[in-house]
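There are structures below to look over.
You will see two complexes here that share subunit A, one where it goes with subunit B and one where it goes with subunit C.
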Partner chain A sequence: MKQQSISYKLNVETRLDNPGWVGMVSSILGVVLSLIVGGFVLHAAGAADPIATYREIFKEGFGMPADWQAGFTAMFSNTACPKGMLCFGPLSDTLVKTAPILLTSLACIFAFRMKLWNIGADGQMFLGAWAATGVAIFILPKTTDRTVMLAVMALAGILAGLVYGAIPGFLKARLNINEIITTLMLNYVAYKMLEFFVVVGPWSLGGFESTGRFPTSATWPRLTELAKKFPITGGLTVHPGIFLGIAAAILLAWILYRSRWGYEIRVIGNNPKAARYAGINLKRNIILVMSLSGALAGLAGMNEVAALRELTGRFPRGYGFTGVIVAWLARLNPLAAIFVSFLFGGLLVGTKLIQPQGIASMLQGVILFVVVGTELIFRYRVRLEKVEQAVAPETGDVP
Partner chain B sequence: MTANDLISLAITIVFGALVSGSPLLFATIGEIFSERAGVMNLGLEGMMLIGAMSGFAAWANTGSLIMGLIVGMIFGALLALLHAFITITLRADQVVSGLAVTFLGVGLSSILGQPYVGQLVPQPSSITLPILELVSAEQIVLVIVGMIFAPLSWYYLNRTRPGLDLRSVGEYPSAADSLGINVYRTRYTYVIFGGAMSGFGGAAMSLITDPGWVDGKTSGLGWIAVALVIFASWDPMRGMWVSYFFGLLRRLPLDLQNPALPLISTANNPQLGRVMDMLPYIATILILIIGSREAMRKRIGAPAALGNPYVRGERGL
Partner chain C sequence: MTESPIAFEMRGIVKRFPGILANDHVDFSCQVGSVHALLGENGAGKSTLMNVLAGLYHPEGGEIFIGGRRVSFRSPQDAIANGIGMIHQHFMLVPSHSVAENIVLGLKQPRFFLNLKSVEEQVAVLGEQYSMSVNPRAKIWELSVGEQQRVEVLKMLFRGAKVLLMDEPTAVLTPQEVESLFRTLRDMTVRGHTIVFISHKLDEVVSIADHVTVMRRGKVTAANVPSKGITKPQLAKLMVGRDVLFQIEKKKAQPGEVTLSVENLCADNDRGLPALRNLSLKVHSGEILGIAGVAGNGQRELAETLTGLREPTGGKLMLGNTPLNNHTNWMEVGKQLGHVPEDRSAVGSVPALSVAENLILKNFNRSPIAAGWSINSSAVHDNAVHLVDEYQVATPSVDTLARMLSGGNLQKLILARETSENPKLMIAVHPTRGLDVGATEGVHKLLIKQRDAGAALLLISEDLDELLSLSDRVAVIYEGRLVGEMPARGADIRAIGLMMAGSKADV
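Entry: the complex of A and B
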């Protein structure tokens, strides 16, 4: 006698397609998990209530809905914010930080698309800031038109970043030297070079670790300059740099997804052998992409220094590394990077006042781990399969 | 400046190089083991930092140097275990995971090390050698341990059975697997060992070579170690020599602070000091350029399976 039995079996099979939601789920999972892990670490480090800490970070980084509401009410009645800086102040600060994060993350995305690990956006950014400062203080006269001045500074920043990115690109293309190491080493060289100029060297103003305040024409116009007409903007430091970042993101998205060259870059990244057989010039593209990646980071440096209005020995380090995480979290999509950069801008602003200092870096590490770690899981799909099989009647003892 | 001064300066510089190269030596050789087994761990900087921080914390709480070094090793190994899990079991990209190790190490050491910044540092036990006033007994022991460790590692890799297994896993894992070598276990073992050595190097730094804990203590030393592995062409003995050379470059600005030196004293000339600070990093790039020429000529390459996750039963390396 044969019996029919129906059982269910979990089938794990390789996923052949790569639907869009996979990346998003994995990224969101990364953020959520890292917040949980981060909470434990914070607790271990002595924070009594991690949730309160996160709330504080959110409040410092983005503001509270009630404050936004008050801000909008004030805006429509054209009065100043009733709560001092609280209405849009946090958002404005976050947007200021978003711009350099976005530009460095675009630099990373561009290079990573080709599997070129440009970890040196930090150094390229420093060079950009250095060149822009040189133009602002030592080359162009103070009275230069603001638009012209900023445009020339941006060009200088882009050019400096380009050259600094081209060095590892050239070494990689010609001598096959690991670009991770060279870009990283050039970071430290850039840090020291800035110290050489600003802290102890020829650009230090009267022995202080600073070049001194830039002429007004060399600084970004801030929203607060409109405060006479629109009181709500009082004290807001947000400047047009964010538009620079968004424009660059759109341009990069167009290059990557709509142009022939972008297609070549993606082919090289996915399968360099196939690219070579297809007649794509690998070496030229390596140098080109590394240079342009550096150029984007250099622009970030100009943007930051024009926002800070002076170059000091404490020019912020670490944007290039934040850019790496943002690039990865955005799944190397330039448009998604706009949104992720904004979140990370909030994280940076929100954690600025919070002790301990390393929390941003720690959270970034966990996010990166979870995002790469969960990739494998999504390479497979799990399907419930109905199995019908004939079961032999029991025969007593089974060996 | 008398001849005697010059001699003592030369000795200071040489011993300074040996001492400050020692943490680098352990990290570099640890990474050589890991890469020879086929797993690149770019997280050396993070593991050294966490080792330096946890080692210092353990010393501050127990007062025992040995305890500090062991704790540093354990924490370095734990971080490496995470990297091993992500890259070997979950088969994620080794480059990205290594970066994550670094971020995590930088962040965790900064958060958890907060209470130890600027704390009292381990007092070196003084010895009275006429020429070596600046070198403590612990430093001499550390240098000697390093000098024993490097040839021992070379011997293990090149002349023993487990060393052969280790190399085969890094060169041709499926062949190794077919001979009954457990690829996953071997890789886990040496990635963790590499992490422990990095942690040891970090702890040695915060406890012995430059005592004290500050944020970002290693200032890129872990990354230099990654580069040295390539320049050492995955050979522990070469790894030792280049570590000492980099120790020399790192110490030079300090050693030259002696104001009695004419012309090249960094005490009178802070600008020169900054330029000298750049030296280790520029030198790293230069040796990579030199190394690439040599690698091309002698056809020395990385372990063939370096960077590739191993999947049992799948085609390919």
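Entry: the complex of A and C
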């Protein structure tokens, strides 16, 4: 006699293939899930209706379709925005924030591609801002042509970031010192160095925590400067820095996917043993990649200081860490980083007015956490399995 | 022979991997107290089937019965609780721990206090019973590979395994160690244990197994064939599905001038201990020098030093007229030097890059692949299409990731890359390890072709049959030096075995 019983069980298996859609889906799912999780946190923090809060964040960060429409109408009739700053103001602010996020995320992407964990983009950015300020105020005369001034500032920022990135790169390549520790610690060195120069030291202007306003030639031209000709641009602070970021992203994508150097980097990043086997010089590449990573972060510093138009003791910290999150969310793809940086720029701008402060950082943290988590989930495949159990007689003899 | 009871029975096992049906309704059973060989080409599904039986894989379909009772394993612990233990090809031992510590590792008992002394005593007793004496206090790294294998066997016996599954147990042993393993296996069957061993070495199967089951492409092609009276060619045909040449056809070697000369080479291993001690050798163009030896006697270090992956601590290396030393630009030398490394996926390829990208690993810095600072992607594509076709690499497309290729195809990819530029010197380390009969034949032909084209070949292998049939000269490496050299034709395999074990034979 044989009895049949049917039951089901969940089978969790490792996925051997990793289809291309996994990255994108887990990124998008990660953002959606973290908005849900963040909603609960917002609610706990006192927001009665988290969805309304998100709406508000979106409105502050990007504006509303009706406002954009009004803006376009005004643009074509060449009048000012009927709603004050509301038409393109939020988008403009977001683009201003996007540029440094994009540049630091590119710095991270480049290093992460080679499995070099540069989490010192913040410090490298500070050094870039410091060097650009030095050029703007103490080296070049005020009357320097704006283009020349900005170009030299950018060069100085790049150079300072490059050197600051090369230090941990050199230590890693020559002495095998963990770059996570060195880059993280060098952040604090950079913070303190800037503090020394600006707050108490030689660059402080009359005891204030600032170098004072840069000469106009050392600041980014803003869209609002065209307000006389095009009234719609009135009050818009957006500047060409974003193009710098996009150009850097395209250049990086070219390097990674089309150049010999990028091939070396991808081989090293995926299998350093195979790279050595192919005769690729690992040490040189570690130093080079860390240098270029630092250079990109340094450029972010120059960009930010030219947008802020002065270097103060409150030069923003944390872009370097946001860059880490953006890099992961963009799956280390430089072009995807453009869009992710834009989203994060909007998040930063949109949450500026929200109390308690730190909502943006909280959401960023949750996003990273959830994205890494969802990626893990996609490594496995879950299948429902039907089990037909033949219940053998207790005596246990074979049928 | 009367029917002994059935040790276990697998019915209709189905196991799928993406794109492959690894086990297609496989039935497999074994009698208590027998040695059963599971034979098949690479990718035939033998290891998959055994991993299912050992609880590592969960089959999509089918049932397993032990003593007439249906069982379902969720983990290897479940399998061992039912008396089934598996010994993997790569040992699962912690090198810095002692034998006894490794044996109790992962056991649920004891929960808190470990009485290592009693474990040590039990292990010693167990070792004596099965004539596999191992010092229970020795650290794993102090043991030879053969001894480590004994530890794995003891580990399973300690856990009460009645059925022992062994995945290619002889791949890493000297001929003498193989004999001793076979004696142990015989002892175990007398004591009522059942052994299943996976192999694709036909000689072994004929000599040790009572029954043979042959698998091909996920299906059983011959079940429970008594090994008495079956011949090697018959088995090979069952395995491959066609007749196989056992003798490698090759012309007499025409050695030319010295291509590789090694003088008093010294190098350290990863732990910083001397691995090569004043090793000297010469390889001429148009000949194959085979290096025989038990794993861990400096073969890896020799290959790595010759290919720039390890810095020598002394000695002189010459490739033709070019000295190889710390100042060598290895990317330049790469043109003249082909290297088939020991570890296909960890060293020889980049699993996360495509087939096409893997095929340019050696020449990406040269025209036509390189174009200024950039890489000419159409040249990369053409190069890949050409090589995949010429070397018959089975891949869905040249953009497929290398990690999706089977071992044999990955090896073909590496060989394609390493031989297509006709290097002056080829260094091949275990070129056919883990490959099936058909793929092995292909690799052998390729290597012979290189030799006939005038390349010097250094072949490092643990497979003595392969070494003797492929090489023109054979040298034996023991503890970092060459202890003997002889022409491969007519070499005495017992003498080589003794030299591999360290006794200086008068050859």
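Heads up, the rule we're going with is that the second predicted complex is superposed on the first by the 361 of 399 C-alpha atoms of A that agree within 3 Å, B and C clash if a C-alpha of one lies under 4 Å from a C-alpha of the other, contacts with A are read in each partner's own complex, and residues count from 1 in each chain.
By definition in this document, a residue touches a chain if its C-beta (ideal position, glycine included) is under 8 Å from a C-beta of that chain, and two chains touch if they have at least 3 such contacts.
These numbers were taken from a predicted model, which means no experiment stands behind them.
Of the two partner chains, subunit B is the only one touched by A:Y188; subunit C is not.
Using the contact criterion defined above for the overlaid structures, shared-chain residue A:S259 touches subunit C, although it does not reach subunit B. Contacts of A:V267 after superposition on the shared chain: subunit C is touched, whereas subunit B is not. The partner that reaches more residues of subunit A, of the two candidates subunit B and subunit C, is B.
Touch criterion met: A:G279 reaches subunit C, while subunit B stays clear of it. When the two complexes are overlaid on their common chain A, residue A:V163 makes contact with neither subunit B nor subunit C. Interface residues of subunit B, counted against subunit A in their complex, comprise 42, 46, 82, 86, 90-93, 95-97, 99-112, 114, 215, 219-220, 223-224, 226-227, 230, 270-271, 273-275, 277-278, 281-282, 284-285, 288-289, 292-293, 296.
Taken in their complex, subunit C has these residues touching subunit A: 17-19, 58, 60, 63, 65, 67-70, 72, 307-309, 329-334, 339, 341, 343, 346-353, 357, 360-362, 364-365, 370, 373-375, 377, 404.
The touching residues of subunit A, when paired with subunit B in their complex, are 41-42, 44-45, 117, 119, 171, 175-178, 180-182, 184-189, 192-193, 195-196, 199-201, 321, 324-325, 328, 355-366, 368-369, 372-373, 375-377.
Across the complex, subunit C is touched by residues 11, 13, 15-17, 254, 258-261, 263-264, 266-267, 270-271, 273-274, 276-280, 385, 387, 389-390, 392, 396-398 of subunit A.
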